[in-house]
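Here the chain labels run A, B and C in written order, and each chain numbers its own residues starting at 1.
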């Protein structure tokens, strides 16, 4: 049972990337990660987003997969860690052969740590 | 590893149902879903619940399984997505042979989207 | 598929311990559980913690594993249930052979239920 729990934890954690890793990469001239805002909401509701994020609502993602770049790694986020939308998007990206992670603690955590956002 | 992650995500997401699906079903004359409030709190603390929900606290669920209807699909929710109580109830329901899901983002998400609730 | 979902839920839930179990154990003269605060934040930011908790930030945990007691069971918590830090610490503890759980709903849930904390 202990091994099963350890394997479960490893797989669970392998789906996520933490804000420090994303933030360090953002400051490089040729960043590896593309932060992907998958919130299903109009700009007027979203108001701001993670600095430099690409916005594709999860509900539209299937229609935009061909525009994405397989040489990049996608980091998806929704409003909070409590929703399942980030994982819905992650599953679509991974199933289409993209390297992708969910941002640990979502936009809520990013803003809670006062990390860079931009108005939209 | 990628396949393992995809399988994990599929199983994880298969436990959840989103509010849109539940909401659309509520408006039908013979709805398929029964929303089940499993919060372990008295009515005075709960104050309100999802409109039309059946309330059975998770701690009492084992004693009420025989009253439930196997032709329905149960949608459980707790206060927030951060608790494990919804999954505790879900496991009991599934182990007893019921079709059941956890409401994605719990009561917190439902209220955050201003979906119908009722006083209790 | 139903069995797969049930197995998934069982493993998921086996990672967690609920506040009632921890609280009951705290009141015993020789408690079994050691509550471990793994927040990566200085005391000035943390301000308070679960009463009697041992504080080892997750980022420093690897260097402190030898100080821990294999006869105890460790209960880790971070700020909220939405972060992955609790599971990062849990994986380290389990991989090193410790019995450990994540506190269901984290510090946020503990404080939300007005359970005992102490200033730090």
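Methods note: contacts are C-beta pairs under 8 Å (C-beta built on N, C-alpha and C of every residue); 3 or more make two chains touch, one makes a residue touch a chain.
In UniProt terms the chains read A, B, C = Rhodanese-like domain-containing protein.
Nothing here was measured: the structure is a model prediction, and the numbers come from that model.
Novice: Through what angle, between 0 and 180°, must chain A be rotated so its C-alpha atoms fit those of chain B, rounded to a multiple of 5?
Specialist: Rotation angle, to the nearest 5: 120 degrees.
Novice: Looking only at residue numbers at the chain B/chain C interface, is the share used by both copies over half or under half? Answer same or different.
Specialist: Under half of the interface numbering overlaps between copies: different.
Novice: Let me have the rounded angstrom distance from the C-alpha centre of chain B over to the C-alpha centre of chain C, please.
Specialist: Distance between chain centres, rounded to whole Å: 26 Å.
Novice: Return the residues of chain A touching two or more other chains; collapse runs of consecutive numbers into ranges.
Specialist: Within chain A, the residues that touch at least two other chains are 12, 80-82.
Novice: Which stretch or stretches of chain B touch chain A in the complex?
Specialist: Touching chain A: residues 1-2, 4-6, 8-10, 12-13, 16, 18, 80-82, 104-106, 108-109 of chain B.
Novice: What part of chain B is in contact with chain C in the complex they form?
Specialist: Against chain C, the touching part of chain B is residues 11-12, 14-15, 80-84, 87-88, 90-91, 94-95.
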